[in-house]
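Please find the structures below.
In the two complexes that follow, chain A is the common piece, with chain B as its partner first and chain C second.
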Partner chain A sequence: MATAAPTPPAPKTETKPSVLNRAWDLNLVRNLLICLAVLVVGVIALESTDAFQNTQLTSLAYYAIAAFGLTALTGLNGQISLGHGALMAVGAYTTALFLGAEEPLPFPVIALAAVVVTSLVGVVVGAAAARLHGPYLAGATLALAVALPSLALYFKETLGGDAGLKVSSPQAPDWFVSMIETLSGNLASSTKYVAYIACVALVVSLFFVLNLKRSKVGRHWRAVRDNDVAAEIAGIHLGRTRVQAFVISAAYAGLAGAVMAIAVRLAAPSAFTIVLSLSVLTAVVIGGLGSITGAVIGAAVLVFLPPWVTGFATDSGLSDTQAAEMAPLVYGIVLVLVMLLAPGGLMGTVSNAWRRTRQRRLAKQASSAS
Partner chain B sequence: MQQFINVVLNGIIEGAVIAAFALALVLIFRSTRIINFAQGSQAMFTTLIALTLISNDVPYWIAFVVAIAAGFLLGAILERGVIRPLEGGLELNIVIATLGLYVAIQALAAILFGSEFRSFPSPAGLSGFQIGDLNLILTPTSLYIFGTVAVVVIALTLLFRKTNLGLTMRAAAFDGEVSRLLGVKVSHLLTFGWALAGAVGSVAGILAANGGLVYPAYMEVFIVFGFIAAVIGGLDSPVGAVVGGLLLGLVNSAVSNYGAPGLVNIAAFVLLIAVLLLKPGGLFSSMKERRV
Partner chain C sequence: MKIGHKPARRSRRLALGAAVAASALLVAACGGGSGDDGGSNDPGLTEDSIKIGGHFPLTGVAAPGYSEIPVGHKAYYDYVNANGGIDGREIEFIAKDDGYNPAKTSEVVNELVLQDEVFAVVSGLGTPTHQAVTDFLNSEGVPDLFVSSGSTLWDQPEDLPETFGWQPDYESEGKIIGKYIAENMPDAKVGIFGQDDELGEDGARGLRQFIDGQVVAEEKYVSGNTDIGTQIGKLQAAGADVVVGFNVPSYTALSQLTAMALNYKPTWFYSNVGSDATLVGSLLEEFSEGAVKGTSPLTGVYTTSYIPTNTDTEDPWIQMFQKVWDETGDGSPLTNYKIYGMSEAYTFVQAAMAAGDDLSRESIVSVIEEEGADFEGPNLVPYRYSEDRHAGIGGMKVVQLTDDGSVEDKTPLYQTDVGDAPVEEYTGEPSTPPESGIPGE
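And then the complex of A and B:
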C-alpha cells in the first residue's frame, strides 16, 4: 500500500453525491425501499404459486420473523436462547384466546396484543437472563422451553390441555377479495389471506430489524456483546441493554407465534417443543449469526428442506416413519458441519469470500498502478 | 404419613437418576467448560443398544456392560471428531454443535431402532415393600437404582481423590498450561473425560429406563432436569450435581403429589431461576460470579 500516492482533493462538483445517492445513504429511506422490494417479491411469489406453496411461504414468514428476533438477541447481543419456541407459544396462545372471543378484534390488534403479552414475558425472563451467561443462560432458557408449554396442561380450562386451542382463522374481508381479483384474477381463499397477513408481518418486522441493526440501540447491543467491560466504561448500562435485547427479541417471537397460530389453526403444546426452539436456532446459525438475509435463508431451509429430504428418503426405500426422521437427522448433521466447516454460516462465508476477493483485487490494482 | 414418606422416597429415587445424569454433564464441564447437550441422546442411543441385545436374549448384565462400553467409545469419538476441531473458537459454536449432535443422534436412533415405545426390563422386582401398615413406593428396583448411583458416585470420588489418573485430570482441568509443562498429556485426558462422561451417562440412561418405557425421546426430560440440577449445583462440582439432583427430585415429587403433575416443569424452572438469582454461579460453584 506504500505505493499508493495521496489522492489530490477532487473538484467539489464531482464528489457531490446525487440526490438519489444521498437518499440511499439515509438508513430510513434505504430500509423502506428494501422492505417495499420484499413486499413486491412477496406478492408476486404468492400470486404465482398454488395453495400448498402459499402455506409453505406462510411458514417461511413466521420462521423468518422468529429468526429475526433470535438473530438480534444472539447475533447482535451475544445472548443465547434455547427457549424461543416457548415465547412463540405465548404469542400463539394469546392469539388463540383473542380470536376465540365472541366478537374477535381485528387481527392486527390481536397480533399487537400477542406482541405485548410476549414482550411482558420477555421482561420477566430477560431480567433473570441478564445476570446469566453462556451455559447458565442456555440452561435457563432450555428450562423455559419445557416449562412454559406445560402450563397449558395445568390450565386445562382456559388453555385446552394436551389437545390445545383451535384457532378460527380470520376471514378474508371483501376489499381483500376484490383486490386479489383485480390484481391477478386468482380466487382469494382464507389460506391466501393468511399468507398475505404473514407477508405483511414479515415486511414490518424486517423494517424494524433493519433499523435496529444500524441504530444506536443496535450499536449498544454489539458493544455489550463484544466487550462488556469496555461498553460499561463507555456508559452503557449492561443489565438494561441485555433485558432490552431480550424483550425486543421476545416481541418478534410473539408476532411469529401469532402468525403461526392462524396458519396452523391450532395452539397446542405439541407444536412448541424443544425441537421448535432448536429449529429457530438452526435457521439463525445456518444463515449466519447476525445476518438478516441469513435469517431468511435459514427459515427457507427449515421450510423447504424437510419435504425434500423426506421425499428423497421415501424414494430410496425407507419406511414413512423412518423417512420422517430423516429431516431432523439432516438438520443435526448440517448444524455440526456448518460449525466445523463454515462457522460464520452461509452469509458469513459468502461475505468473507467477497471481502477476500475484493482485497485481492485492490492489491492487484495497487501493484499494477505502481 | 404414608404419603409423605412415599413422596420423599420417590423424590430421592428420581433425584438419584437425575444426579447420575447431572454428574455426566459436570464431568465434561469441569474439564472443558462445555455443556454437552448431546449427552442425553448419547445415553438414549446406548440404552437402545442394550435393549436390542436384551430382546435378542443377551443377559441383562452383559447388555449393561456393552452399553457402558458403547457410551465410553461414543464419548471419545465425539470429542475427537467434533469437539476437538472446534476448541479455541467461539463458545457458542461448540454449544450449537452439541445441539446439532443431540438432534442428529435422536433422529438416527429413531431410524435405526424405530420410534415406538418399548418396555425396558429391570433385574429386580417392581412391587413395593410393605412395613406393617405402610405401603411403601420403595421397590427392589428403586433400591437397585439408588445402589448403582451410589456405586458410581463412590467410584468417581475414588478416581478423582486416590488415583494418579484422577489427580492428573483434576490438575489438567485446573490449569491446562501448567499441566502440559509438567508433562501431562492434556489432550488425551480431555478425550478420556468425554469418554468417562459418556459411560456415566449410559449408566444414567439405563437407570432412567429401568422398568419403564424407552423411545428415542425418553431422555429429553432427563436432559432438562439433569441440566437444571447441574446448574443448580454449580456445573463444576460433582457434589453440587448430586445435591442438585436430589433437591430437584424432591421438589418434583412434592409438587406432583401435593400440587399437580402439570406444574413440575414450571417448578423446576422457578427453582433454577431462584437459585441463580441468589447465587449466579450455582450453589457449589468455585467460579467467580459474573459482575453485571
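And then the complex of A and C:
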C-alpha cells in the first residue's frame, strides 16, 4: 500500500476513495450502519413472525448476547470460562429484585444495574482468574458455575431458594403499542414487547463488541492472547488486560441474564446450572471462536436445533421421551462434527473458504494480466 | 493458547458477514404467520379433537420415574379415544421435555401455547419449573390443570384463576405423618431429613404441628449435592430413632445407603414423593453398583398413600388401569408413576366430560370449581376444589412397605388441610370405577 510521502500526487492506478468509502472506513460509522441494518432486519423479523417465533428470537438474542461476551473473552483474549451461566444468574437475579420493587424503575435502568452488578462480580472473579491459565482457569470458573447458584439457597429470604424469584415482565407502554400498530398493524402483546427489548439489547451489544474488536483495547487483548511475553515487552499490562477482558465479558453475561429473566419470568437456581454455561460455550465453539457472526449462528443452533429435532423425531413416530432424548444426541453429534470437520467453527470455515477462493481468483487474474 | 487468527483485514468482511448472516437467520426463522382461528372456538378445540399438553423432565436427573407420568397420560387418553373420545372428540396429548430446568419450561410452554395452540396445559411437573409459567398461562387464559407437585402455590384462585393443584399438598401430608407418630411412637426421638425447598419446608411445618417436642434434629440437603454423610451423621448423633424424609426418590436411595455405611438403623418414614419402592430399589442397585439388590432395604419403611398403588392388585381402580395399560400400553410393567399419570388423566377427562357440549376454556375451569369436589376417581379422599379453593386431594393414609413389596395400611384414611385444620378420619365410601373405564358412563 502506498502509505509513504503524502506530498507527491497519488499514483494514477488508485482511484480516489469516495466520501461514502471514507465514511465506511471510520469504524464507528460503519459499525453504526451495521447495527442499524440488524435493527431493521430485527424489526422486520419480529413483525413477520408469530408470537411463538417471537419468543424463539428472544431466546436467540439472550444466548447471542452471552456468546458475544464469551467470544470476546475466549476468542480475543484467549481466556476460557465455564462459569458464564453463573454470571447470567447474577444479571437475572438483579433484574428480578429490581423488577420486584413496589414501583419498578424503567427497564433500561434495571438492565444497566444488572450489567453493573455483574461487572462487579466480574472484577472479583477476573482478578482471581488473571493469575490462572488454561485448565486451571477452566476449573475456577467451573467452580463458579457450580457454587454461585446455591447462594440463592443460602439467602433464601431475599433470593427465593430453590423455587426462585418470580419476575413480572415489564408491561408494554402505550407509545410502544401504538408504534407497533402503525408499523405493522399487529397487536403488541407483552411477549412482543420483551422480544423488542431483547432485539434492542442485542443491537446495543453488537455495536459495542464490533467496536471493541477494532479498538486499541481489542488489539491489546489479541496481543495478550497470541503471545503474552511479546505483549508484556510491548508495554501491555497482562493482569490488567485479562481482568478487563473478564469484566467486559461479565457485563455481557449480565445483560443476557437480564433479558433472560424477563423472557423466562423466573430467576431460579435450576435455570443456571453448568449446562447453561456449557451451552453458551458450545454456541461459541460451533459458530467459530472469536467470530461475532459465529456467536449469533451458534446461539441460533442452540435455540432452533432442539425443537426441530424433537419435532422431526415425533413426526417420524418416536415416543415423546425418545424424541426428547434425540435433541441432546443430535446436538452432541453436531458439536463433534464441527470439531472434526470445521475446527474453526462454522463461521471460521466459511470465511477461510471464501478467502482461499478469492486468493485463487486474484492469482489467476495476476497471471493472466502478466 | 492460540485460537483462530484474526487478521485485521478480515474484520470488515466479518462485520458485514455478521449483519448478513443475522438477517438471513432472522428471515429464515420467519415461518408462516399465525394461523387464522376461524370459528369462535377456543384454541386447541375442534369438532373432533382436543389438544392438550404438559411439560415433564423426559431427560436429565429428574427423568427416572417422572418421565413415566406422561406415558400414563397418553395410555389413558388412547383408551378414551378408542372408546369414542370425549363426546366424539379425540384427545391429543403433547408431552414436552423441560429437563427440569425452568428456562426450558418457559420455552416449551411457549411452544405449547403459542405454536401448538393447546386447549389446556395438563399435569405440568415440578415446583420451580411450573412456577415459571403460571403467570404466562393465566395471562393468556389457558387452563392450567392438575399441576404435578404438592406445593401450595397452585391454590391461589384470586391471583391464578386458571391454575389447579391435584395431589395432596406437602403440609397436609406432614400433618398426617405427625399425627401418626404422636399417637403410635410418642417416645420416639424424631429427626427430619428434608429437601431444601417447599417439599422439605411445608412437610416439616405440618409435621411439627403434632410432634414439635419430639423433633431432635432437622437436616436439609440441597438437590444435586449427593454427599449427605454430614446430614445423616448429625441425625444419628442427635439420637433420632425415627427419621422422616421429605425428599425425592434418589435421596431415599442415598439416605438408605449412607445410613447403611454409618451403621445407623432408625425407623424410616418417607413422604409419598420419595417412597416408590420399585424406583428406589433400582436406584439403590445402581448407586451401590449391585451390592444392594431389590427393594428389601425398604422393608418396614413407612410412607403415605393417596391413590391405590400397583401392588393393590385387588383394588378395582388398579384393575381398571391395568386393563387400560394392557390395551394401550407398550407392554412394560405398570408402574406407580404411570398410575399417577393415568389418575390425573382420568380427572381431566372427567372435567371435560362434565363441561359437556359447551366445552371451552372458561367452562372447564368453572366446572372444576363447581363440581370438582364431587368428582369420583382413584383418589382415596375427595378433592378440595371450589370457587375459593384450587387445592387437590384432601388427605391420605399411612402405610408400611412389607417384604413382598406390597403395602400394609397403618391408619384409616385421614382428611385434612393446610394451616390449623384438624386431621380427621375420612369415612366416605370408596368410589368404584365405571365399568367402561370412562368417567360418567
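The rule we apply is simple: the second predicted complex is superposed on the first by the 355 of 370 C-alpha atoms of A that agree within 3 Å, B and C clash if a C-alpha of one lies under 4 Å from a C-alpha of the other, contacts with A are read in each partner's own complex, and residues count from 1 in each chain.
Here is the rule we go by: a contact is a pair of C-beta atoms (placed from the backbone, for glycine too) under 8 Å apart; a residue touches a chain by one contact, two chains touch by 3 or more.
All figures in this text were calculated on a predicted structure; none of them were measured in a lab.
Upon superposition of the two complexes on chain A, a steric clash is found between chain B and chain C. Residue contacts after overlaying the shared chain place A:Thr74 against chain B and chain C alike. When the two complexes are overlaid on their common chain A, residue A:Thr321 makes contact with chain B and with chain C alike. Once chain A of one complex is fitted onto chain A of the other, the partner contacts of A:Ser150 extend to both chain B and chain C.
Of the two partner chains placed by superposition, chain B and chain C are both touched by A:Gly134. When the two structures are aligned on the shared chain, A:Ile292 is found in touch with chain C, with no touch to chain B. With both complexes superposed, C is the one of chain B and chain C in contact with more chain A residues. When the two structures are aligned on the shared chain, A:Val275 is found in touch with chain B and with chain C. Applying the stated touch rule to the two superposed structures, the overlap between the chain B and chain C interfaces on chain A comprises residues 74, 78, 80, 133-134, 150, 153, 275, 289, 321, 325, 327-328. Residues 74, 78, 80, 82, 128, 130-136, 138-140, 142-144, 146-148, 150-151, 153-154, 238-239, 242, 274-275, 278, 281-282, 285, 289, 318, 321-322, 325-329, 331-336, 339-340, 343 of chain A are the ones that touch chain B when the two sit in their complex. Touching chain A in their complex are the following residues of chain C: 1-6, 8, 10-19, 21-23, 25-27, 29-34, 58-59, 63, 67, 70-71, 74, 94-97, 99-103, 106-107, 110-111, 114-115, 127-129, 131-133, 135-136, 139, 151, 153, 195-198, 222-224, 330. Taken together, the chain B residues at the contact with chain A in this complex read 29, 33-35, 37, 82, 85-86, 89-97, 99-108, 110-111, 114-115, 220-221, 224, 227-228, 230-231, 235, 260-266, 268-269, 272-273, 276-277, 280-282, 290, 292. Those residues of chain A whose C-beta lies close enough to touch chain C in the complex are 30-31, 34, 37-38, 41-42, 44-45, 48-53, 55-57, 59-60, 74-76, 78, 80, 133-134, 150, 153, 161-164, 166, 168, 190-191, 206, 210, 213-214, 222, 225-226, 260, 263-266, 268-271, 273, 275-276, 288-293, 296-297, 300, 304, 307, 310, 319-321, 324-325, 327-328, 344-345, 347-348, 350-351, 354-355.
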